[in-house]
Every structure is written in structure tokens, then in C-alpha cells.
Amino acid sequence: MAARFASFARGQLIALGALALVPLLDLALPAAGMESLQLAGASRSVVVFAILAIGLNIVIGWTGLLNLGIAAFQAIGAYAFAILTWENYPFQIGFWPALVAAALIGALAGALLGAPTLRLRGDYLAIVTLGFGEIVQETLKNVEVVTQGTKGINPLPAPFGLTSDRAILWFYAYLAILVVVVYLCRNLEFSRMGRQWFAVREDELAARCMGIEPDKAKLKAFAAGSALAAVSGALYAAALGSTAEPASYGFEISILALCIVIVGGIGSITGVLVGAMVMLGITDVLLPLASDKLQDAGIGSTANVFSSPNNYKYLPAPGRPRCSTPSPVSTSRPRDACWSRAMCPAGSSPPA
Amino acid sequence: MSSAQPLLEVKGIVAGYGSVEVLHQVSLEVREGEIVSLIGGNGAGKSTTLMCTSGVVPLRAGEIWFAGKRIAQAGSGVRADLLVPMGLVQVPEGRRIFPRMTVLENLMMGAYTRNDPAGIAKDLEHVYQLFDILKTRSSQLGGTLSGGEQQMLAIGRAIMSRPRLLMMDEPSMGIAPLLVARIFEAVRELNREGLTILLVEQNARAALKLSKRGYVLETGRVTLSDDADKLLVDPRVREAYLGD
Amino acid sequence: MKNHASHRLLRAAASLFALALPGLAASAAPADAYANSVKIVSSLPRTGSANAQTTSMVNGIKMAIAERGGKIGDVEIVYEDWDDASPQRGNWDPAVEAANADKAIADEAVLAYIGTYNSGASKISMPKLNSAGIVMVSPGNTYPGLTKAGFGEANEPAVYRPSGKINYFRVVPTDDVQGSVAADYAKELGATKAYVLHDRELYGKGIADVFKKSAEGLGIQIVGFDGIDNKASNYKSLATKIKQSGADLVYFGGTTQTNAGQLAKDIVASGLKAKLLVPDGCFEEAFISAAGAKALEGRCFITFGGVEAKALTGKGKDFYENYKKTYGGEPEGYAVYGYESANVVLAAMERIHKAGGKLDRASVLAEVGKTKDFAGALGVWSFDENGDTTNRTMSVNTVKDGKFTTVKVVQ
Amino acid sequence: MLVSGHVPSRQLTAGVIAGFLGVGLATAILLTIALRINDVWSASIVELVAAQQLAMQQARAAAADGAAVAPIPFDWTESARRFITTLLGGGLAWSWLPMIAGFAVGASGRAVIWSRTRRTPDVVASAGVARTFQNIRLFPELSLVENVTVGMDRRLSTGFIGSLLALPSALRERAQARAEALKLLQFVGLGEKAEDAAGNLPYGHQRRLEIARALASRPDVILLDEPAAGMNPTETVDLMRLIRAIRDNGTTVVLIEHHMRVVMGISDRIHVLQYGEKIAEGTPTEIRNDPKCIEAYLGKEELG
Amino acid sequence: MTETEVFFQQVIIGLSNGMIIALVALGYTMVYGIVELINFAHGDVFTLGGFLALTIIGALGAAAIIDPSTLGDSSNWMLLVGLVLASGVFCGALNMSIDRVVYKPLRRASKLTQLVAAIGVSFILVNIAQFWGGLPMEVFNDGVSATAPKDFPDVLDWQTNLLGEDSAIALRVEDVAIFAITIPLMVGLTLFVKKTRLGRGMRATAQNPVAARLMGIDTDRVISATFAIGGFLAGAASVMYAVFNNSITYQQMGFRAGMDAFTAAVLGGIGSLPGAMLGGVLIGLIRAMSDQYIETRWTNVVVFGVLILILVFRPSGLLGLKQREKV
């Protein structure tokens, strides 16, 4: 474990360091006489989505609960944050308190959804979280008195008094938050809490027989994941100066988060950081760039198709099942009992 | 009883899962009318040998012949579903009955590849005669049977495909001694009727007592092969597998 | 196997990137040529469902620039067509719109920002561009709160104007005008009970609110007010509910994209005899092909902030003819607004040039604000003190023989 | 004035606060209810009880004289302490162990020694009963030492906050648990491999690891479900030695096993069950010679 | 209309809508039952079936076919049957090829990987749908945006009210036709799975794939057949949908209808055929009742709320099989 501990920390440091350097290209490229790629904004998105995906990773990668509605918690965080800071509402409690409040409200919402649905197995939980995502979107749309419906709550005051032209500083402020999140999650990973989650993921019944209460562990995972998603939502809203409309927190965002988790290697925080950089690099930098270039070349319609909805999802998920010996002879365990890393049945020694 | 041409011939097969190689050059043969047992510790590769023969696990090297036809070699094999009509049938480890089908439906699944209603009906009678408990439970769901009954069902199901060679994987596992005796008795009975049987067993003593010949498999290699009664008295076998 | 695929994809992405780099360098090469060229950018949703409209609008903008030979004096006008929609959403994306605004602010050559199409997008870019002092002309926003107090939140529109100055103008009449015209027309049709629906989007809900208020003021009874699910398979049960309410007119605040066609169809199919009234979001050929001409024929009325392209007169007629000649197809309803937006900016630049002024953000902003009695494709109009057009020409159209026909023009 | 849904701010404040309170309250109530439902409705419990009842009915129907079938065949409190007790059973013996381990409440609801109302496996485990599984259920992705530490979980006290912030107390506890886990691995002879993933262990070692994991909770009773399955004679002998060592350390051992050498070799007491009914109880020698057992269970020819 | 009349009208609407949903849900549930994969692309396969039908009509020349004077002509009946078959075969083949190309190589990969692959396929199909949009466009008022909703002509005059034109309740020929087509399909499918050899093979493969292979069942073929049948039902459903709603859009069909069907399958207990049927009808009824008695804008919330509530009390759906915990 010690070795793993050290290597993870190193991987995380490298990933965070690389991320910290990216926006400097904004300064370097114009200095070299090239057009700026506006990477600071994209990097800020990387931070926002990395936090979202770290939250999802707790639920899906560590605890093995398939959540397809993580964006709903991002929405809850964004709206909670907006309601608490908007100048037309009487709260205006400031950035930090609102961020913490958003996290708490997110955790509460996670527990609210988690509590009645803990017993559901993989696919059933997937549809419930998917449905919950829809419910949240629709409710935000419908309860106009509080959420302003599709108008969105905006504009929100800029955090740290930063205006939009100081994108780089803004990014570093966000990066600092990400570092704290990574630190805390690493603590969880190597603690009793993390071990409980892993045990529940690997074999719920065995974990139960060890005296772990899977319901409580799952509830905590749900709450922690949702809290992080809510933090991500709050940062998203703050960066945008708006909650945007409820549809901004749709299924696609949940899937984007899922892709981030999977691309980098499910279950690993380093993987999430890398995944966020890869996925958002594609969606926010490469695709628009390619689209621009194609359009410049006079094949606008092609460009249009190229950047048409959801292209990033064409990426096949290079899911790395760590348990790499897919025994062709499945054991007697219910096949859907295992979700994430350990997709193979427990103790799947090849038949002899 | 034994003919010159072996019914099943396994020649130097190599197989494994992922990066793990489980079988290294395993060879064995089963002649018409014999009971041959394959004994060895857990992880020795007994089940894998059967799964290779049934076409479920692909070979990495070597070849397998059945009734004068090559049914598998490295890189290609006859599909599992074609082996059953040829008469090569396995009773898998852990029974693997269909839990949400009735006992009768389970038995009929054994006759999936057959198309002779009269013969099927006759074989059904035979199975019921062999294991009368199955008849009384014929409309019960397979999943509600006890372990021993499920084992009988699995054997009955295999017989329904009218096999030439029946491969049985650990029929005694997790079953009370009394039922184990019943099952072994049935195996003996089937053999007496002319069925060739390849038996994989943990319970080496019981298996060897039934068999004509035996093979000892250790970590993916055949280390001993001889007539069963000789193996029963072989000191190496006695020490390692009979616990004397 | 999957890994291979992803490697291939990564390699493809990398080579794409490599290909893009020389292009980047090339486009950045004439860095100090900026003095002789200025940029006008547009930020419209070019991806997804609004594509047909926005393509038509972009064509209009390009026409306006081309008509001036791409130059004001010896200053070259560079036009960039930015997309504010994102691959993820297939619709306008707040993050992309914010990025576009930032990009415009960062690029000093950008003197004017034509956009946006969706009012929600403007809410995001307006405060940013306002602080930077870049003029923004919208060819499509109709949400009143962007420029007028008293329609939305208490702090609107001041909140979009952190600098205290006005930098946002629009050439389209706002929804409050259109909504009340619709209510007037409903009265004219003899409606006594109206069922008001909307698509729960900013535009649709806003205009439905205005209609409801105005109609109530005119003594029309509102028997129902509800938002629809714009992805529902059908509205048969909703139609039944409307039928039960005894409404003789249904108003739908929404667009073709938010399923106006299906709604119209199901209302007809339910045997409801009520008239249907919809706003300009449905004023496009796609609406007819979605609803089917026979469902609309003679019973559906569409309000539009202006008149249909082929009914334009004067300069508008020239535009219509030119457009058809250049692009070989009928312009969509909003093409002329794209054209007019660009013209307003270009005319202001011309005036500065004539007066011998320097073309920069401040001068262009000031000059656009001074637009008075502008004789454009939409007639003669000015910007009022809020930045709204004084042009309030509205038309009411219906569908006859599968084609839009104007039944009434309101000045 | 065309105001869309604008409300005075005081009303809104009240509304939002009430909303949050409402949601909070609802969460609390739902949570409680859901956890309760979880206990009561847990599918496995319902099913197993159903299976149990079915078996009882069948047993009753089978008994020609209609003799009552005792639903509780054991008196654990007196006869099992500090013994190696083996359950032998035809028919439904397999369902008894999980039942005792808390997967099901017997038909009478009193089959288990611990008189707590919630008898889910985790409650039973925290009451001091540990178990192993017939078809080994380790946490294959976790290392050996992590597996054992999970077994220790019920004795640890670090909470969520402690874990999150890596408080000194949590770090201390983590280190202690690790040291103890290593010691246990040494005890079962797996000390060398402490950092390997459990899924990569050979079969026999997995069995040992499972036992180490069960011991980690320092149970009063340890239930071993067919521990000798798939072991060769040498391994079996080692296993018997290990089981005796566990008993001698003061832990009660309950064994389900079909392997007669093991059963007869180490049991202090044997209960023989048939269709949920106890037909005999006694020392190995007594059982071996009990004609009822021979007929119902052992068969005429003792195998193995 | 009186309250009672309204209620019955909504029941009729709910049932008709529900039947179509059920037909699509069957595809989800069959595939899930046999490979335990939520085939996210199923809704989009369904969409493409509708697009194919519209394209065929367009290619044949819509004007000639939907000319009201030819209504009642038997050729229109044949057209409908032809469309159902064409879309069915097309969707069946498409679904089967998706399985072959994408899912089959991943059969032994983790479930999550399979799920993400399915979602990826779904998005690819959505893009194809957006591109295609039911071409050729020239038939329907010059190619406007491919993504816009399209009118689907009434192939048959099914608007006749069977209860008489002045009855308050409308029970149209199309409602009855939906029942007349879907119910036999469902009964047929049930019998097929229960009685035929291939059907038994499917059940066996669903319960234990390895044992099924050892019984001599070609499980790959059985799985392919399952995808094909599920696809066929989706194709048939898509034509029914198009004729019933008179329209085609990728967003209505792919997302909402697909989602409804998926919800229905889960509600009924995914993997259970009668469950999917029950679930579909229930979703249809819940939608209609919510539209009438609550508010349209809350309908989706109600549907998913009911789903969650039911799953809380019946974690495996209404008719789903309980997962048995082996110990």
C-alpha cells in the first residue's frame, strides 16, 4: 500500500502540475507571434469537470454504484450557489460560504436520492439516477419563482472580485480548490472510509459479513460524490456568472463526466485528472479548432457536421478492467452484482 | 471392450486465461466404453481440460480428436454447439442448471439439438427411471431443487442429448455422502449400459474405484496415468490424493 | 482492441492538431496588419437545430459586407462567423458564449459583435462586452428585459450594463410588442377563451406571458396556462384537456424546434375547432413541413416582427432579390435582420470614416448609438434610448395552400 | 407592468428557508424510512425465509406420521461454546449456516442466539460472529493486508470526517490496523504476500486469507463454510491444524463440511440435520455409529 | 365533455401511446434479458426505422400516395404493411449489426465498458438521424434543416371516430389499429419465446450462457436473433408511431420515446417480457393522467417519480425476477 500511496501522489502531482502549466501557453503563444488559443478558459473548465468527475469516481469507481445522473447534482450546486449569491435575492452570503453551502446542499440531495434507492442493483440504479437527472432539470425549469426557469439566475457576482479578462488568475484560484479536493479525496481513499467503499464495491455481501453496513457506506459515497458535483456546479456558475438554463445540466454532461472517469482509468484520481484534460481538450479545444479551420477552408457545412452534437462520445471507452482475466466460465454469482473495476466474479480463479 | 481407436484423444493441448497459462501439454485418451477419471488438486487444470474439449475455452496449441474427427486445434475449433450432436456432452461443475425453467424444461433443453420425438420420449423415461426424484419434481423450477437433486438434473439433462461420451465435472462437490453414493451408482449404471464416461473428481478414491483407468493432473501437466486399480495402490497417489 | 481504437483516435487527434498548427501560424502571421483591417464577428448558434436560420443570417451579414467591397475606405473589414453552440449541447452553450465574448474582448481588432440569436446567450455576453465597450447588435434577441426595465428582474437591464453605458442594440422588435399584437389579433378573431401554452424556454415563456397579460387586458378569458414538454411524442391528452376547457383559441409561445408542429397537429386531430396563434419562432418553412400544411391551413396564425422576406419593399426588396441571386434559395425570416445588423454597424463605420475619425471600439460604439432615421432593408427606423429599434412593423400571417401569406400588417 | 413571477424578497426568503427546512426534514424522514424498509424488505431475507418455509412444509408433508418438526434444532448457548461444532446435513444444510450468520430469521424467529431484532449480516457480524464462504468471496482487487483490514472494520472508530481530514487519530488507527493485519497474515502463513492483490492468490491461499479476514474482527464465533472444499490431503491437514489453533485461542468454531476426514478428525460435537430437523447430536464416534445417521446421511459405505 | 368522458378519452390515449412504448420496451428487455446490457442505442434504432419509412414514402412520391382520393385503396394498406416490414427488417438488421460490430467484441469486457459503448452507439445514431432527417427532402417543401420535425402523411384514413363523429369520446381507427397490431405481436412473441426451439434457446442463454453452449445451443446465433427480433419490433413500432403521431423527429423519437420505453422496461422489471408490456401501458396511462389532472409541464417529473417510488418498494420492477443472493 505504501508503494501505491506514493505512486498515486506522484501521478497526481504530475497531472496537477501539467494542468497548472497549460494556461501559460496563453502568454507564450502570443509572445511567439501566434494566435492565442484562449486556454485559460478551457483549463478552468478542466478544473470544474475534474471536480465533477472526482465526485462521480467516488460513487462509480470506488463504491461501484452506477450513477448516470451526476449532472443533476451539479445543477443543484449551481442553483444553490446562485440563489445564495444573487443580488436580487436577500442572501448574498459571499463566495466561500455559498460554496460550502452548495456542497452541503449537494450532499443532502445525494442522500435524499441515495436513501430510498440503496437496494437497487446496477442497472436499476442507473435508470433511477437517469430519471432523477430529468426530474431535477424539469423541476428547475418549472419552479420559476425560485430558479427563474429557463432564464437562469444571472448575472452572478464574480468571485474574488476577478473580472473576466483575468482568466489566468481565475484559473489558478480554481486550481487551488482542485488541489484541496484531490488532497481530501486521497485521504478518503486510503482511510477506513475508502476501504469500506472498496469492500462494498468488490463484494457487498462479504463486506456485510465483515460488519460493514453497506447502506451507510453507499449513502456516504453518494453524499460525498454529490457534494463534489455540487461544488463543481457552484464553480461552473461562478465562472459563467450565470447558472445558465437547467438544460445545461443534462444527460450529456453526466456522460461526459462518465467518459472522463473511464478514459483516465476508473477508480484512480490521477486517471480522472488526465481524463478531464483529455476529454475537455477534445471538446473545448480540438473540436472547435478543427471546426474553425475547416470552415476557413470553405467547407463550412462539413465543419458543422464535424462539430455536431456529442462527437466526443464517439471515443470508445478504453476502460481498463483491472481484473484482466475474464474467465469465460462465469461463476454462480449474479452477473450484475459487480460493477466497476472488479467486473469479474469474485475469486475468479480459472476453473481447474 | 476397448477398441483400437480411442473415442476421445487429447494431444498436447495448451490453454489458459488472459496471461495465465493453465494447461501445459496435456494429453489423454478415452476409449469406447471406459470410465476414465481425471484427478488432481484444485487449480491443476481439470475443469479447463473439459472446457477445452467442450469447445468453450480455445486452445493455444495441441489438438483434440473425437470419434475420428479433429474437433479442435490451436486457433480453430468446432463450435461448442456442434459437439453435442456428435455425442460429446459435459455435465459442468456447479451443475449450471437453468434455474427459471422447470425440471422437465431443463431436461428438454438437453435434447435441444435432437429432432426425434420418439427417441426423446424414450430417453426421458430412462432419466426418470434413473433418478425417480426428478419425475416427482418435474414441474418444479430448477432453482428450487437441493444441491444433490440439481446434480441429478444436470446429469439427466446431459443424458437427454444421447451422448457417446459423457464428461462429468465434480459431480460430488458439496453433496452429502449418501447422495454422492447414489450419483456414483448412477454413473456406474450408465456405464454398464455402454456409455463412455470421463470423470473429473476431487474425491479421488471414489472416482478411481469406479474407473477403469485414471490420469493424475498436477499444475497443468499429466504426471501419472495408469489403470485405476494400480493408481489406487500407487504410493504417490495414496499420499497426495487419498490421504493415507 | 478498444485500446487500439483509442490510440488510433488519439493519433488522429494529434495529427489534426499538427495540421492545425501551421494554419494557426499562417492566420496569425500578418499580426501588425491589424491597423489596416478591423473585425466584425458574429456569435450565433451554428451547430444544431437553429442552423438553417443562422446560416441565412450569416449570409445576410456577408452580403452587407460584400456590398461595400469588404472595405471602409482603405480599412479592410474582416468578418468572422463564430459559433456559440457546442458539440456537447447541440444548441447554444453558455460556456461557449462566454468564451466567445472573452475572445472578442481579447482580440483588439474586434470592433463589433453581432449576436446573439438566443436572448439567454446575450445575458451572458452583454455584461462582459459592456465592460469592454464593444458594440453589440443583435439580429435575433426579443426578450424585453435585455433593454427595458419592468419585464423581468428588478435589476434588469442595469445589471447587463456594468459600465452604465448602453452598448447593446437590436434591430428586432421585442416580444412585448409582438405579444400584444398577437393579443389584439386574437380579439380581432373573436376569441373569448384562450388556452395559453409555452415551451418553457426563455423566448416562448416570455412571449406567452406577454400574450396572457395583454389578452386579459382585452377581456379574453385565459382558461389555461401551461408549459409543454417539447420532446413529448404527442399532445393528444393535452389537446383533450384543452377541448374540455372550451377554449376557442390556443396560443403557443414556442418555435418549430420546440415542437409547435406536433402541437398544431394534435390539436387538429383531437377535433378541437379552436384557432391557433403562434409567434415568429414558427415563421419558417420548417414549421409547415413539421405540422403538415393541412393542419395549419386557414386556422393557424403566425405573428412576425416585420414582414416576410418576399413582401419587403424598397431596399428590402433589393435584399430579397440579391439574396436569391447570391445564395440560390429563399432567405429564412431572420436573414434580413442579420443583413440589417451588419448594415447598421457598417454605416456607422462609414460615417466615422467620412468624418475622418479613427475606427476603434469607442468611436464605433458611439456612432452606432447615434443611428437615426436609418434607411435600411426594414424601412426607415432609429435606435431609441434603450437601444431598441423604433421599427415596430408587425405582420400577422397564415398558411394558405401550404405557403405563408400575410393577412395583416401592423405598424 | 409585465412582471414574470417576481415576488417580494421577504416572502422569498421565507419561502426558500422553509423549502430548505422542508427538504431537510423530508430527507431525514425518508432516510429513516428507507433504512427501515431496507431491513425489513431485503430481498435475500424474504427469499430465504420463503425457501425455508417451503422446505419445512415439504419435510412435514414427507413425514408420514405427521410428527412436528422442530424449527430450532440447536441450543447453542450451552453446547457450542469453545467447541468445534460441525453441522452435517442432507437436504437443506446449506441454508442453515447463512441463517445463523444472519441472512435469515428462522421460521420461529428465534433460531439465533443473539436476541437482537435486526439480524442483518452486519449486525450479526458486529455481535461477534465472523464467517467464511463456501465459494470464496474475497475482495479481489484489494491487497491481502487491505482484505484483512476490512475484516477489522467493526473494531475501528475512524469516522467520515476523520478519514476526510486525515486526523492524527485516524492515521494512528490506520497504522495500528495495518500492523495487526500483517500479524494475522503471518499467523495464517501469508505474511510474504501482504501487498499482492487477493484475486491473484492460488486457491488454497485464498481460503487461508478468508479465514484471516474473518479472524480479524476478533469474533466470538467463527463460521466456516466448507473450508476443505478443493483442498488436497496435505492442505487439508494444515487446515485442520489451523482450525484447532483458532479454537485453542478461544474462539468457538462452527463448521459446515462434507469432507468426512475433516469432520471426524476435528469436531468436538456434530449435529446431523435432515430437512431442517436435527436427527442426531454427539461426538464423532457416536455419530459414526449412529444407525440413523448412517441411513440418512453417511450411507452404508463411508466414502472419503 | 363531462369528467367521465374526459377520463375515458385519456384512458384511450394513454393505452394507445402505451402500446407503442411497450413495443419499443420489448426490445430493451429482450436484449437485457439475454446479455444483461442496457442497449441505449435501441431508441435510436427505433428512430431510424421511422426515418426509413418516411424516406420510402418520399421516394415513392408522397403526393401520389397520400392523395385523399386514393384513401381506402388497398394499395395503401399494402404500403403500410410494406413499411412495417421494411422498417422492421431494416431495424432488425441494424440492431444485429450493431451487436456484431460493437457489443460482441466487448461481451467479456466490464459492464461499464459495454454500457458506455452502447451510449456511444446511441450518439452516433443520433448524429446519423440528424444528418438524414428523413430524406429525400425535396418531397417535403425543399430541404429545410434535417433536424427539424417532419410531417408523416396519413397513409390510411384512420381519423374516423368509431363511436360516431358526434360522440364526445374519440376512439379512432388508428387507436384500434395500434391494438390490433401490437397485441398479436406481443402474444406472438410470448408464444415464440415459450414454445419454439429458438425461444427456448433464448431463455436458456439468458439463464446460463455457458450451460446453454454445453447443451449445443449456438449462443452467438441466439443473441443475434434476439437483437434482430428486438430491432424488428422497434422498426414495426416506429411505423406505428409515425402513423399514429403523423410526425418524425429525432429528438422526440430517439430521446423521449427511447427513454419512455427504457423506463417502461425497468418499471415492469427489465428482462421480463410481460413486464415490458405492463410497464409500457402504465407509462402511457401515467402520462395521459398527469397531462389531464396535474399539469403537462410536470408530466416527466411524475413519470420518473412514479418509477423511483415503485422501485423503492419493488427493487426489481413490477414483474421482475428477484435477484437471489447466493451464499
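Chains here go by letter, A, B, C, D and E, matching the order in which they are written, and residues are numbered from 1 within each.
Assume a contact is a pair of C-beta atoms (placed from the backbone, for glycine too) under 8 Å apart; a residue touches a chain by one contact, two chains touch by 3 or more.
A quick note: this is a predicted structure, and the numbers were derived from the prediction, not measured.
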Touching chain A and also chain B, the following chains: D, E
Chain occupying the most central position, where position means C-alpha average: A
Chain of greatest Cα-centre distance to chain D: C
Distance from the mean Cα position of chain C to that of chain B, given in whole angstrom: 74
Centroid distance [mean C-alpha coordinates] between chain D and chain B, Å: 33
Separation of chain C from chain D, taking each centre as the mean of its C-alpha atoms, in whole Å: 66
Centroid distance [mean C-alpha coordinates] between chain E and chain D, Å: 45
Contacts with 2+ other chains: residues of chain C: 2, 48, 51, 152-154, 200, 205, 227
Residues of chain D engaged with two or more neighbouring chains: 4, 34, 37, 41, 43, 94, 101, 133-135, 202-203
Contacts with 2+ other chains: residues of chain A: 88, 116, 119, 141-142, 144, 149, 205, 308-311, 314-317, 319, 326, 328-329, 331-333, 341, 349, 352
Parts of chain A lying in touch with chain C, wherever the complex brings them together: 33-36, 38, 41-42, 45, 87-88, 141-142, 144, 148-152, 154-155, 163-165, 167, 239-242, 244-245, 247-248, 250, 252-253, 256, 282-284, 286-291, 293, 295-296, 300, 304, 307-312, 314-319
Residues of chain D that touch chain B when the two form their complex: 51, 54, 88-94, 134, 202-204, 226, 229-236, 258, 260-261, 296-304
Parts of chain E lying in touch with chain B, wherever the complex brings them together: 197, 200-201, 203-204, 207-208, 210-219, 321, 324
Chain D-facing residues of chain A, complex: 1, 3, 83, 88-91, 105, 108-109, 111-112, 115-116, 118-119, 144-146, 149, 184, 187-188, 190-196, 198-199, 202-203, 205-215, 219-220, 224, 322-323, 331-333, 341-342, 344, 346-349, 352
Touch list for chain A against partner chain E, complex: 60, 66, 116-117, 119-124, 126-128, 130-132, 134-135, 138-139, 141-142, 205, 255, 258-259, 262, 266, 305, 308-311, 313-317, 319, 321, 326, 328-330, 332-341, 343
